[in-house]
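Okay, handing you the structure first.
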Amino acid sequence: MSKGLSSKRPGSQRLGKEQLAQLVAGDIAQGSFVNLGIGQPTLVSNYLTAEQHVTLHTENGMLGMGPVAVGDQIDEDLINAGKIPVTELPGASYFHHADSFAMMRGGHLDVCVLGAFQVSATGDLANWNTGAPDAIPAVGGAMDLATGAKDVYVMMSLFTKEGAAKLVQTCSYPLTGVGCVTRIYTNEAVFLIGPDGVRVRETFGTTFAELQERIGVELLDD
Amino acid sequence: MSKGLSSKRPGSQRLGKEQLAQLVAGDIAQGSFVNLGIGQPTLVSNYLTAEQHVTLHTENGMLGMGPVAVGDQIDEDLINAGKIPVTELPGASYFHHADSFAMMRGGHLDVCVLGAFQVSATGDLANWNTGAPDAIPAVGGAMDLATGAKDVYVMMSLFTKEGAAKLVQTCSYPLTGVGCVTRIYTNEAVFLIGPDGVRVRETFGTTFAELQERIGVELLDD
Amino acid sequence: MLNFVQSAAEAVAGISDGATVLIGGFGNAGQPMELITALLDGGATGLTVVNNNAGQGDAGLALLIKERRVDKVICSFPRQSDSWHFDAAYRAGEIELELVPQGNLAERIRAAGAGIGGFFTPTGYGTMLAEDRETRMIDGRGHVYETPIYGDVALIKALTADKAGNLVYRKTARNFGPIMAAAAINTIVQVGSVVPTGDLDPENVVTPGIYVNTVVRLDAPARTERERSRQ
Amino acid sequence: MLNFVQSAAEAVAGISDGATVLIGGFGNAGQPMELITALLDGGATGLTVVNNNAGQGDAGLALLIKERRVDKVICSFPRQSDSWHFDAAYRAGEIELELVPQGNLAERIRAAGAGIGGFFTPTGYGTMLAEDRETRMIDGRGHVYETPIYGDVALIKALTADKAGNLVYRKTARNFGPIMAAAAINTIVQVGSVVPTGDLDPENVVTPGIYVNTVVRLDAPARTERERSRQ
């Protein structure tokens, strides 16, 4: 599925955020309905091609969302889930919040791409709350996206700044959803999460052996 | 509330169906949203005045239903719950079946008028099934109407052809809804069902004493 | 994946024996008669059909039942003056009936499309249709537990589709179409016209294209003539 | 009963201390800022507010919270870069927060309007937001039990009303308006224009007039200016 980036290139570089977004975009099947989470996942939209015919959903009530609005396009009544002004593409539709989340929760979105603090070996996702005792919690639509989409792709750096792996046996941060993540796109590798475990699809600037050494989760070689 | 028909007229006649429909129509408050059941209740629409500003709901997806369609007005896509072609009034709106029943079930209709086989002293309604062993049951929207409207008015003859009262202590026919009926309009009297029991609001061609003798339910005089 | 086909036969070609088929329409309004007829011609059997009724006269669903292609009907109002094919099958014990209050039918279909695992409703509480069902008192009122009705296939009728599969309906023909489209894995729609993407006002789309799999444009049928001639 | 009033102050005059107030809007889109400001000016206190957020900047809901008129917020996303008034009230223990996943928030509001006593959803299952909640395995999947959110009042914003109270919205400003209108006993709407009954196409009405109690037409506000000048 991935286009333009061959797998298993231990000599090549770790991916930057834009390269990662391009990789994710290339993996999205033609004709898919997709929700891109706030932050890094939004970059994916820059690499979707017209030939892919991907329709973007925003949970505040729209299918057929176009690029970010600029200049005269800016319309206070047309925003995305991050409250950024966006545009409307031909074939768009508007609906109320319950209908919009019904679309998501009913399993109609093919892919949702989210950021994460941690993902577990069984696909548990932690991306809404660091668990810090003084933090004011806020969840938004994260739990609905995590449990509703047919496939949940996570985009994240594989390690924290302190060097701790974010792919873990069991999440230590509060969960967003249980067993929901199917793929993890990181700067160092792409992981597929399936019933048999976590499979390494490809690596960037590292090797399977190096990854296995640094991550406390048993990995399967592709 | 009732217009043009003074109460307690033991000397006057039992009401005909049209008179009864007129009585019900006069009792519906201005600005009400109303659903009229199939059959006798439909007659009520003939006596609603423009000044009442009553909006009719049909559970197959419309508010603002107008009179039955005739001639060139007949449109296969515009029918009522009885599958009779109807018309559309200014201010009408269309919605799908779940939204239409949500309107009813969410308690937004002020009044629904239904026919009945029996009504109990506590407002239980039996109007969908005679319980005959060989009958093929069919319920339609009767249970939703009975449980959803703020007020459920029943229109029926007070006695069967065999002379049995249809206002009973406990329904012998299968129930449509429990404790849902608030008023019963019959050819011989109007009954109000409240927490204290069944009150006779007015009688037609009979007296309170006569009614009490013929009905096995304790009646309260108004 | 959305596709546009040329005939009702092509549209229903993928329907398997044993499928649960949601069929739109209330009376003739919104009834996808040509798709039902194509399903009849296609031969699929052992079907579970979800519809407000259980067939009328000698056309469409009534013929599917007459030919014993329907094992089970889930509906609110099977008994009608002209439901003779259902009546015969039912009395012969050759069709199963799940009778559902119409609002529960609509809400259960809606729940399937919306990812709701089950819900409590006052409708039907204390009646024979709720016998042996889970109940719960909520704020002093009796409620019955109801479960989603999923479809393998939905056959519905809309007025117009655009090339993105967005649909608009006409008057009370909207009825079950939008909720069935969302509740089925494979939604097949017959429409009177197909317009370019962008021609439908995004504010007025009733069923977004995400819920639609197959669209077939059929000339507005002279339905009554057609039904009569079929016999 | 539907009525049309001349000012936002008149529109919110009936809101009592202790009321549960559903407030529409997502970001600025669909936010009934003038009604919220009138509620602030009107003095009602001890409120429970249901909104996607918990106030931003120094306007509207944020000021209601700053002035400690809100005892409890039910929302999905209180924490924002400019939610300082909520943050302060929360850290001082002077406001209660019920944090709800956004889809559960929407579905619970929808349930209130639709007469659903409660429902099971997979969203939140296995998370701290479902701790101490009833759960159920349905078809092998964990579900959480959720209950309706009813409003005494809804404050919403729409594009246009007709004289029968029918509403249409504009783009993503539709968001919570339609479901809040149905979930509240008293629905108050600010609109940009009022048209004669019959001017809205019945096919395109989003909120039927049955859900609307009070309509006030307000000139399209120069909102950013207004908010700034309020401080």
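Just so it is clear, A, B, C and D label the chains in written order, and each chain counts residues from 1 on its own.
The criterion applied here is as follows: a contact is a pair of C-beta atoms (placed from the backbone, for glycine too) under 8 Å apart; a residue touches a chain by one contact, two chains touch by 3 or more.
Quick caveat, the model's predicted, so the values are computed rather than measured.
If each chain is reduced to the centroid of its CA atoms, subunit A and subunit D end up 30 Å from each other.
Inter-chain centre distance (subunit A to subunit B, centres taken as mean C-alpha positions): 55 Å. Look at where the CA atoms of subunit B average out and do the same for subunit D: the two points lie 35 Å apart.
Counting partners per residue, subunit C has 107, 110, 114-116, 121-122, 169-171, 202-203 as the residues that reach two or more other chains. Residue positions of subunit A with contacts to 2 or more other chains are 62, 88, 94-95, 98, 102, 104-105, 148. Under the stated contact rule, the graph of chain-to-chain touches falls outside the line, ring, star and complete shapes. Chains touching one another form the pairs A-C, A-D, B-C, B-D, C-D.
Partner subunit D is touched in their complex by these residues of subunit A: 58-62, 75-79, 83, 88, 94-98, 100-102, 104-105, 124, 129, 134-144, 147-148, 174-178. Taken in their complex, subunit C has these residues touching subunit A: 1-2, 110, 112-116, 162-164, 166, 182, 197-198, 202-203, 205, 208-211.
Within the complex formed with subunit C, the subunit A residues making contact are 30-31, 33, 55, 57, 62-64, 88, 90-95, 98, 102-109, 148.
Residues 26-30, 76-80, 83, 86-87, 90-91, 97, 99-104, 106-107, 109-110, 121-129, 142, 169-179, 206, 223 of subunit D are the ones that touch subunit A when the two sit in their complex.
Against subunit D, the residues of subunit C that register as touching in their complex are 107, 111, 114-122, 136, 138-139, 141, 143, 168-171, 201-204.
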